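After this come two complexes, each holding chain A, first together with chain B and then together with chain C.
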Partner chain A sequence: MVERIDVYPTHIHEGYKLRPGQTLPFGASIVPGGINFSIFSSHATTCILVLFEKDADKPLVEIPFLEEFRIGNVYSMTVFDIDYENIEYGFRMDGPWDPKNGHRFDKTKVLMDPYAKVIGGRDVWGTNPDWDNVYQHRSRPVLNDFDWEHDKPLELPIEDLVIYEMHVRSFTRHESSKVEATPGTFAGMIEKIPYLKELGVNCVELLPIYEFDEFEDSRRSPITGEMLFQYWGYSTVGFFAPKAGYAATGKYGMQVDEFKNLVKELHANGIEIILDVVFNHTAEGNENGQYVSFRGIDNKIYYMLTPDGYYFNFSGTGNTLNCNHPVVRNMVLDCLRYWAAEYHIDGFRFDLAAILGRDQNGAPLSNPPLLEQLAHDPILAKCKLIAEAWDAGGLYQVGVFPAYGRWAEWNGKYRDALRKFIKGEENLIGEMASRVQGSPDLYATRGPTASINFITAHDGFTLMDLVSYNGKHNEANGWNNTDGANDNDSWNSGWEGDTTDPGIIQLRHRQVKNFATILMVSQGIPMILMGDEVGRSQNGNNNTYCQDNLLNWFDWSLLDKNADLLKFFQKVINFRQTHAVLRSRTHYRHADYVGSGIPDISFHGTQAWQPDWSANNQHTLAFMLSGDHAKGGKVHDDHIYVAINTYWDALSFGLPQLPHGRRWHMAINTSMPTPEDIWQPGSEPLLGDQHTVWVGNRSVIVLVGR
Partner chain B sequence: MAFESSLVLENGIAKITLVGELDASVAPQFQEKIKEAADAHAQKLVLMMEGLVYMSSAGLRALVYAKQKMGAQVKIYLIATQDQVVEPIKQTGFHYSVIMLPSYDASVIEG
Partner chain C sequence: MDVQTKPFADATVVEVSGDVDGSTAPVMQEAIMAVAQPGCRLLIDMSQVGFMSSAGLRVMLILHRTISGGKGNVVLVGLSDDIKDTMSATGFLKFFTTAETLDAGLQALNNG
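Up next, the complex of A and B:
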């Protein structure tokens, strides 16, 4: 094979051999003989490549991009004979300092590459940075190769997913996790995959694992004196790099391999992985914030700015990424393609995704090009795309998010309705009927798979706290309890917080089981929050974004303490996975279209076939699913009957009679103590009375008809 | 600490002794030894790791290269690997692809 003739140096600078580089791909790419560097800026007047020896505080060399190294607005250069494992690089850009017109160039700053695939500087979680170092977040080159063997994204049907929202560090940081690897890391998480399998979830959704700075806005708690961190990570430093501090091998710079190994191991166990991605803002903050990257590279392009050159703040964190500028749009696309192709990621959940539908002045677009492009991208074609369909600027798009037939969304209305209903609030029967059907009122044309159903997520109370606290208790965050949401729709079950009262404890456990049951029998995609299955509490704190301690860490001793809850969750997830009729791609038709003798769904009241939608009924909802209509009639399943009683007394429900000699069996009864609260499929006891069933106070029953 | 590698081929077993620090600058030397072993159609690859004190990501890649170059049917043994080298091997999952032994055990390797 003839060797290429463009792999030889043409220039030299302070002993470093160079040549004009390849403009694409952006970032640093290891090429024969050296490293290719490429970066965009449309307003810079000069650009300098700054090379450091790994971890050094002073540059090794600064190499200007010659004019002949610039094509259009892209500076590119290949530097030969440098050791990619021991080099860090950044850029120094000069240009106008004219904030009123959006320009904030400062050639005294060394800027991180927006396309950096590995970022040093915070290699081990919580290690105090050297603040005197001129270069805090340090781009490093990486080899993208990995021994994937036969792995590829799983492409599980979305309707079959049970999503587990989790935080990597919190999952194994507690000493009770007893992991062999460094606690709180990707490697630690691998050791707990058997737990996830036993629970029955088949998809994990990770809170941000892109590089962020746990020391951003870090401070001491005025209450405890403890260090408060940027713990959750919703403040991106680098979009293309996994967080080094989440890797046991971060100290060796091997976080890429460790995270890829986690993906591979999850896939080998039938578990998909969705990343929570934060494209709405960056860690650079507002005009008083730090220079990391974008601000000094091309501020006017990367951020949404007011006419006076200040930062729009639709994210509530100081700045807003200018996602519908074509250059930024391409970066987002490059980023997601990179994670999908290089890391085999199965899907993405977009934080404050409504921002991605705003134009460069912040106005909502009717046809946002970024969202459309992501929906139709060939590499992302099988990835799940999930929107948090609101932003901090007041744009609330649940049900109307521009979906292009692809996007699902966190259904905040499901969460709110279910919380209020279980708590005992009135006038919710009609809405609850929609929510358990997959919210056809919101997703008429998109189907139930557009609805990610959840009761709790990282924002807000845990499920145990939802039934243990009337109000938030966020004093530990140091803001005098002013932070965090006030509309929690929670009820403390009779006592605020911790109690030894067995009646209250029992009621709380029952309410947790009620929530879990309804979630698992609802059409749509269920998502549960890490630890809810074992009654994890945050002591009433509903905004633990800064807490690197027991408030967030998963305490594995809860597996024993709340064994009844864990068993219930395992079984109720298994119940959903056993019954195809609960996992539909299409909405119910309210008709019998397969000749089974009953419609695909029917609603009932305390009398069979007589649903009470009137204002007189505030506390009961019952419905029956025809198993013969499962998957549009292609699968034959049991019939399923669900009765929910949020009243403070037991109520009798008349049962619909089953066709073809089938009989009702008790699958779930949340008013019963474990293990009689839920039965394994196939072992459900036959109901002695096939005409009526008693549903205990604040309880849910589920029957199977076979 | 300077890196050194030496290869002995005997009865279908390729034994490579690694000493020092295995990083990007010396990984090609190690790969060359692996290539020699593969060219000789070795059926087992034994890496004597006792003297290896550091392995970077390029070193790890050299192990992956060994696995891929030798073929899936060739068993790879890592002998007497030091803790600081075991850690990245385990946490990046490569230990699933090799057999790690505390010392050279002829009954296992030659049996």
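Up next, the complex of A and C:
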């Protein structure tokens, strides 16, 4: 083979051999003989590459990008003979200091590469940083040579997913997890994959794992004196790098391999992985914030600024990424492609995604180019794209998020309706009927798979707290209980917080089972919050973003304490996975189009075939699904009948009679104690009375007809 | 870092001592690949290695890929707990057979 001549240097600086680099890809790339560095800035006047030995506080060398190393607004050069494992790099940029016009260049700062694939400086979670170090978040090069063997993204049909929203550190940090690896890490999570499989979830959605700084705005709790961190991680330092502090091997800079190994192991067990990605803002804050990267590289391009040069704050956290600027848009696209291709990520959940549909002045766009581009991108073509379809600037787009036939949404209206209905609020029967059908009122053309159904998520109460507290109790966060949402639609079941009253405890468990059951028999994609399956509590705190302690950590002793809930969740998830009729890609037609004798869905009241939509009925909803219509009639399933009673007394429901000699069997009855609350498929007891069934107070029953 | 190659029963021992990082891994790679011939029976003695970086792990994986598919057998001997944990967390460990001692390694080669 002919030898390439570009492995030979053409320039030299203080003994370092150089040549003009490749403009693309941006970032640091390991090339034959050296490392190629490339970075964009449209307003810098000069750019210097700053190299450090790993962890050193003083630079090893500063190499200016010569004028012939700049093409357009891109500075690139190859530096030869440097050890990729032992080097950290940053940039020093000069340019105007003119905040009124959006420019904040400061050549005294060493800036992290926006495309850094590994970021040092916070290598081990919670280790106090050296604040005197001039370079806090340090870009490092990485080899992309992980041995995936036969792995690839799973591409499970989205309607078959049961999503488990979880926090990597919280999952195994508690000593009760008994993991052999460092607790609270990617490696620790691998050891708990059998638990996830047994639960029956087939997709994990991780709270942010992009590098963030747990010490950002860290402080002591005025109540307990303990350290409060940026714990959840909704404040990105680097979009291309996994959080080092989440890796047992972060101390050796091997978080990339460790995280890829987690993805590979999840896939080998049939579990997809979705990342919660935060493209709406960065960790650099507002006018008074720190220099990490973007503000010193090209402030005016990367951030949405007011006409006076201040930061727009649609994210509620100080700044807003200018994601519909063509250059920033490309960065977002490069980033997602990198995670999809290089990490085999199955999908993305976009935090405060409504921001991604705003123009550079903050106005909502009717045809946002970023969202359209992501929807049509060839590399992301099989990835799940899920929007949190609102932002902190008042834009609420549930049902109207620009979807391009691809985007699903966190259905906030599903959450709100279920919470209100189950606690016993009135005037919800009509809306509930819509929610259990996959919200055709919101997603008429997009189908039920546009709806990510959930009752709880990281923001807000856990499921157990939802049925144990009327109000939030966020004092531990140190803001006098002013933070966190006030409209929780929660009900404490008769006593605020912890109780030993067996009746209240029993009611709470029943309410949890009611929620779980309705969630699993609703069309759309169910998502459950880590720990809800074992009754995890945050003591009424509905905003635990800063708590690195038991308020967030999964206490594995709950598996025994609330074994009835865990068993119920395992079985109710299995119920959903057993019955194809619950997992439809298309909306119900309210007609019998396969000749089964009953329509695909029918609603009923306390009398069969007589749904009561009047104001007289505030507490009951019953519906029947025709198993012959499963998957558009291609699959034959059992018929399913669901009756919900949110009234404080038991009620009898007349049962629709089944065609073709089928008979009703009891699959789920939340008013019964475990193990008679839910039956394994095939073992459901035959109903002695095929004409009426009693549904206990505040209870749900599910029957199968076969 | 130092690498010595010597025979041990009917196998070859590659004895590595010192730290394996980006600067020393190529030396180790050269020594190991020299003996990674078809039909080889290798014991890589790591009991004197305190630290092995990502570059070192990659050399091990290259070795594995070179002789996998029946072209030879390799056992890693005397891994420190720290290296073992690192290899486990990053998925490298499951590509390899490991043993505590050279004798146990020989046994493992015979079973492999």
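Odds and ends about this structure:
Heads up, the rule we're going with is that the second predicted complex is superposed on the first by the 706 of 706 C-alpha atoms of A that agree within 3 Å, B and C clash if a C-alpha of one lies under 4 Å from a C-alpha of the other, contacts with A are read in each partner's own complex, and residues count from 1 in each chain.
Just so it is clear, a contact is a pair of C-beta atoms (placed from the backbone, for glycine too) under 8 Å apart; a residue touches a chain by one contact, two chains touch by 3 or more.
As the structure is a prediction and not an experimental result, all values here were calculated from the model.
If you put the two complexes together on chain A, you find that chain B and chain C bump into each other.
In the superposed model, A:396 lies in contact with neither chain B nor chain C. Residue contacts after overlaying the shared chain place A:495 against neither chain B nor chain C.
In the superposition on chain A, A:252 makes contact with both chain B and chain C.
Of the two partner chains placed by the overlay, chain B and chain C both lie in contact with A:187.
Within the superposed three-chain model, A:145 lies in touch with chain B and with chain C [touch as defined at top]. Shared contact residues of chain A with chain B and chain C: 83-86, 143, 145, 147, 181-182, 185-187, 247-249, 252-254, 257-258, 260-261, 264-265.
Residues of chain A touching chain C in their complex: 83-86, 143, 145, 147, 181-182, 185-187, 247-249, 252-254, 257-258, 260-261, 264-265. Interface residues of chain C facing chain A in the complex, by the touch rule stated above, are 21-23, 53-55, 57-58, 61, 65, 85-86, 88-92, 95. Every residue of chain B that touches chain A in the complex is listed here, in rising order: 23-25, 56-58, 60-61, 64, 67-68, 87-88, 90-94, 97. For chain A in complex with chain B, the touching residues are 83-86, 143, 145, 147, 181-182, 185-187, 190, 247-249, 252-254, 256-258, 260-261, 264-265.
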